[in-house]
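Both complexes below contain subunit A, partnered by subunit B and then by subunit C.
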Partner chain A sequence: MRIALTGNPNSGKTTLFNAITGKIEHVGNWPGVTIEKKESKVKQSLNKNKEDLIVVDLPGAYSMSPYTKEESITRDFVEEEHPDVIINIVDSTNLSRSVFFTSQLLELGIPVVIALNKSDLTQKRKIKIDNEMLGQLLKCPVVSTVSTAASNNGLSDLILEVIRVGKSGERQGLPQIGIGKLKNRKADAKRYEFVNEIAERVEKRIIDSAKQTRQDKADRIIAHKWLGIPIFIMAIWLVFSISQAWLGPWLAGIMGGWIDAFYNFIAGLLGPEVHPVVSNLLLDGIIGGVGAVLGFLPLIMLLFFCLALLEDCGYMARVAVVMDRYFKKVGLSGRSIIPMVISTGCAIPGIMACRTIKDERQRRTTAMLTPFMPCGAKLPIIALFAGLFFGDNGWVGTSMYFMGIIVIFLGALIIRKMNGDKSKTHFIMELPEYRIPSFKRASLSMLNRAKSFIVKAGTIILVCNAIVQLLQTFNWQLLVVADSAPQTSILASMATPLAVLFIPLGFGIWQFSAAAVTGFIAKENVIGTLAVCFAITNFIDVEELVLISGAAGEVSAVFGIGAVAALSYLVFNLFTPPCFAAIGAMRSEMESRKWFWGAIGFQLGMGYTLSFLVYQIGTVITTGALGGGFVGGLVAVVLMVGVVSYLMIRGSRKTAANPVKQLG
Partner chain B sequence: MSLSNGKIRTSYYIKTIDSIDDEMTDFLFSLGCYSGQKVTIISKLASNLIISIKDARYSIDEELAQAILV
Partner chain C sequence: MSYIDYIVIGVIAAVVALAIIKLVRNKRKGVKCTGCIGCEKDCNYLK
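After this line comes the complex of A and B, so read on.
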């Protein structure tokens, strides 16, 4: 039996889905968190008779006439794939809107069971809903649920009801809406009349929902014209400080000790008899490389925990309101902030979340730019350089976060000019209520991230590190490279020509260019490859040392670059194209070859130009002289800027030729 | 007048939606924002309006507020 979960955005579909299946899908309280259908079996404790029950979680929709792309997934699924039962999740604090969609679902001829969710909130708000009457009027079963509660949550009743309805095979009666032969808007108006009548009869409210509340007062400060941005910066700074400067490094130190102990343990097991090529591969390549990446796990887990708390309390929708004003100036809207926030975890779901953006140009632009946000995999790079060169300051992560937003802002401006499109869009977004964030949900989200990070480190990162280790152990004659001549290895000879390109950026060293390239496979590789390439057996030691005490001198001497070049390298890794998986997601969301290749070129150019500026300007400031390879780099940058400017001028000519069109 | 000229803490009844974009009008409809319905301005933040329709809060921008005639 296939059961579809449908309902308005933020009615709690995914929370309910997780509660009845035992899965841990990402939950959020803004529209667009669920953008694809997800299937799973009902967990055994709710399905005592072991029926074959598959639940499908669908993106939220307000009605059967979809407005955005992800809403149409829901409509297409229920219309075309004929689920056996529909669970319609109705937010019981917002009956008067939700039943509109319910009434449309009832007409599909598929049995519907209403889950009156968030029923714990109705008491708090002094709302009374007559379930029985609601069921009679809509001619379908109604079950009160609280999917956030662990027990007494109505979920087993819900499942029992679903099984009963699904097995009975009887057609549910249609409610008397009285649309008759009316069409389109007139029919919808009639439908709403019906909905309003139901709400009036079924629901008793003591407090008018339009009355000003404490929440509205909080909004006035949090989403204030001027205070909004500083508050946002403070919130993100706090997140990065806790995870990257205060608590994170301490935990990372403990974990680094374990990895170190493991390294020594294996080294002891192998003993001196084992061939050095094998022991190096195992110790430096695999344990050292993977360990270096895994060492950042506590920082990443803490970051996601904090971000999940921030998301869960309802703050992010307010950020969208604050940012809308600025994003509108560059042809995006506050909606673009959602993919960006999601990209802070991983760019792939972030890019996919662009589907919630209605306008095509806005959607493509956001998909192109959202990977500039520092994702979880880029975080170790930030943390490493913040630790090594900047004394573990929470400001490094925070500034990279906001630099991401600023670069996106600039990028959007350039793209709009190139594109010549001046169309305006409307912005509307539901503001969820603030709530105390759930530690349980945040912990689940954190563990989920940690799991995928560990899996990735144990698979793709491990393989890449082993390959890197082998490539740098042997030369082209397949002989072991002498310790005195590491530049003769296969890896070095492949990476050296590339390194020339990076001289103007301050890191024209083959190890760094090799790491930048392996970074395209997965950004975690940057750290792994650096650990392997520099063959610092005590890389973790050093890292641990630095994470705890901030002794940077030694490490920067080993790396052969200074703080300015390190910053430039950091910028380069953050603002070049993302990993291959994210590039793939970008291609499928853009649905245009021209846009896709344009995006790759744009991202490469952006990364190169930015790190060129960072390195050269930084060097002038710190030493008073220009950095190496200035002329070559300048030529490249001027060429790129020239091409972009030409396209921008051409774009604005196009605009001048066409009158401004206005889009919704 | 348009909703953007409205006062905060005040409820209005919608006369018509003057949006150029039909899909947006339909979308607003599904939220319960159409002629004859009540809308309350909760606050004005940045360049956006926070409004209450039915039992939910929404943030809408200036352009959209201008399209809602009350």
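After this line comes the complex of A and C, so read on.
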């Protein structure tokens, strides 16, 4: 029996799906988390007779007339694949809005069971719903559920009812809506009348809904147009400080100690008898490279734990509202914030989440700009440079996060001008309830991300580091490179021509250009490659680096760059195109070659220009003189800015000539 | 090169081969990415 889970966005479908299947799919305390359908069997404790019950979790939809791409998935599945039973999850705190969709589902002729979800909240808010009368009016069974509760959650009753309805084969009667032959708006108006009548008859609210609740009062501050911004900055600063300055480095130190111990254990096992090329490949290439990346695991886990808490308590949805007014000015909307927040985990689901945006230009622009948010893979790079050059300062991560937002803002403005689009955007979002964040959900989210990080380190990072080590060990004649002449290696000879391009950015060193290139395969490779190239296993322990350098307190002596060039390198890695996988996601979501290649060019230009500005301005401020390669860099930047300006002017002229909305 | 060297080379080759097999298997499953850290179980990579 195939059971479809349908309902409005943020009605708790995925939470209910997880509760009845035992899965741990990602849930979020805001609408639009699910963008694709997911299937699983009902868990055994709820299916004691071992029936063949497959549940399909579908993206949220407000109606059967799809507004966004993911709503089409829901409609297409229900209409074309004809599930045996539909569980319609109705948010019991918002009955009148939810029943509109229910009334459409009932007309499909597929048996429907209503799960009146969040019924714990209705009790709290003193809302009384007459389940029996609701069932009679809609002519389908109604079961109260609390999908977040571990027991007494109504899920057993729900599954029993689904089995009964599915097996009975009886056709459910249609509710008396009275649409008849009415179509479009008139039909919708009639349906709304029906829905409102139902709400009036079955729902009793003891508390006046016009009265301000504590949540409303909190939102007046947290989602305030001016106060919202400093609150957001403080929240992110706190997250970065906990994960990368206070608790994170301490935990990473312990982890680094374990990796060092493992490294020394293997080194001891190998002993001096093993050929240095072979032992270096295993110790420095594989264990050292992978270990350097894994050393940042505690920092990343903590960061995602904190972000999951922020999301779960309902705060991130408020951020979308706060940012909406600013994003509107550049042709985006608060809806673009959701993919961007998701991108702090990984750019790929962030880019995929852009399909919730209906407007084509907005969707493509968001997919193009979303990778500018520092993703989880970029966090080790931030942590590395913040730790080595800026004393683990939480402001480094925070400033990179907000620099990402500013770059997105600037990028959206430029793209809007290029596109010649002056259309206004509208954003309506249902704010979820504030709630005490669940440590269990945050821990699960953190552990899942940690597992994926370890899998990635053990696969793509490991292979890349082994290749980098081999390329660094041999020259083109396949002879082992002497320790005194590392610049003769295959890796160095491939990376050196590229390094010339980076002289104006302050890191015209072959090791850094090699790391930047491997970073396109996976951003964590930047750390792995630097670890292999500089033969450093533990980036967390700054004291160890100082010992390597031999110059007290001078980490820069190891890398050959100063703090300004390190910041420039960080900016370059964060604001150039993302990894190839994310580029692939961008390509499929944009559905346009012109937009795709434009995006790649834009991201390359943005990264190079920002990095150039950071290095040259920073060098002027710190030394009073311009950095190396200024003229060459300036020419490149002026050329890029010139091309962008020309396209912007052309876009404006196009708009002036044809004021109708232009879409690429 | 001693026999110990060959054993170590064998171990390295096995580790790298395992990593490549995992990557190839994921590609065959239709996984587009190299295993990001944001999708959690929405991503086919861990399935």
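Note that in this section the second predicted complex is superposed on the first by the 641 of 664 C-alpha atoms of A that agree within 3 Å, B and C clash if a C-alpha of one lies under 4 Å from a C-alpha of the other, contacts with A are read in each partner's own complex, and residues count from 1 in each chain.
Here is the rule we use: a residue touches a chain if its C-beta (ideal position, glycine included) is under 8 Å from a C-beta of that chain, and two chains touch if they have at least 3 such contacts.
This is a predicted model, so every value here is computed, not measured.
Asks: Give one of first, second, both or neither to describe whether A:L431 is in contact with subunit B, with subunit C, with both, or with none.
Replies: In the superposed model, A:L431 contacts subunit B only, not subunit C.
Asks: Is A:G228 in contact with subunit B, with subunit C, with both, or with neither (first, second, both, neither)?
Replies: In the superposition, A:G228 touches subunit B alone.
Asks: By the touch definition at the top of the document, which applies to A:K181: first (subunit B), second (subunit C), both, or neither?
Replies: The answer is neither, since A:K181 touches no partner chain.
Asks: A:F100 contacts which: subunit B (first), subunit C (second), both, neither?
Replies: It touches subunit B, and subunit C stays clear.
Asks: Between subunit B (first) and subunit C (second), which, if any, makes contact with A:K124: first, second, both or neither?
Replies: neither
Asks: One more residue to check, A:S63. First (subunit B), second (subunit C), both or neither?
Replies: Only subunit B; A:S63 stays clear of subunit C.
Asks: So in the superposed three-chain picture, is A:K594 touching just subunit B, just subunit C, both, or none of them (first/second/both/neither)?
Replies: A:K594 sits against neither subunit B nor subunit C.
Asks: Can you tell me which positions in subunit A touch subunit C when the two form their complex?
Replies: Residues in contact with subunit C: 23-26, 36, 38, 270, 273-275, 278-279, 281-282, 286, 300, 304, 342-350, 375-377, 445, 448-449, 451-453, 455-456, 458-460, 462-463, 466, 521-522, 579-582, 584-585, 588.
Asks: Could you please specify the touching residues of subunit B with respect to subunit A in the complex?
Replies: So the residues of subunit B in touch with subunit A come to 9, 11, 19-24, 26-32, 34, 37-38, 40, 42-43, 45-48, 50, 52-61, 63-64, 67.
Asks: Inside the complex, what are the residues of subunit A that reach subunit B?
Replies: Those in contact with subunit B are residues 62-63, 65, 67, 93-97, 100-101, 185, 188-189, 192, 209-210, 212, 216, 219-220, 223-225, 228, 317, 320-322, 324-325, 328, 333-334, 358, 424, 426-431, 433, 662-664.
Asks: Given the complex with subunit A, which residues does subunit C contribute to the contact?
Replies: Against subunit A, the touching part of subunit C is residues 1-2, 4-5, 8-9, 11-12, 15-16, 19-20, 22-23, 32-43, 45-46.
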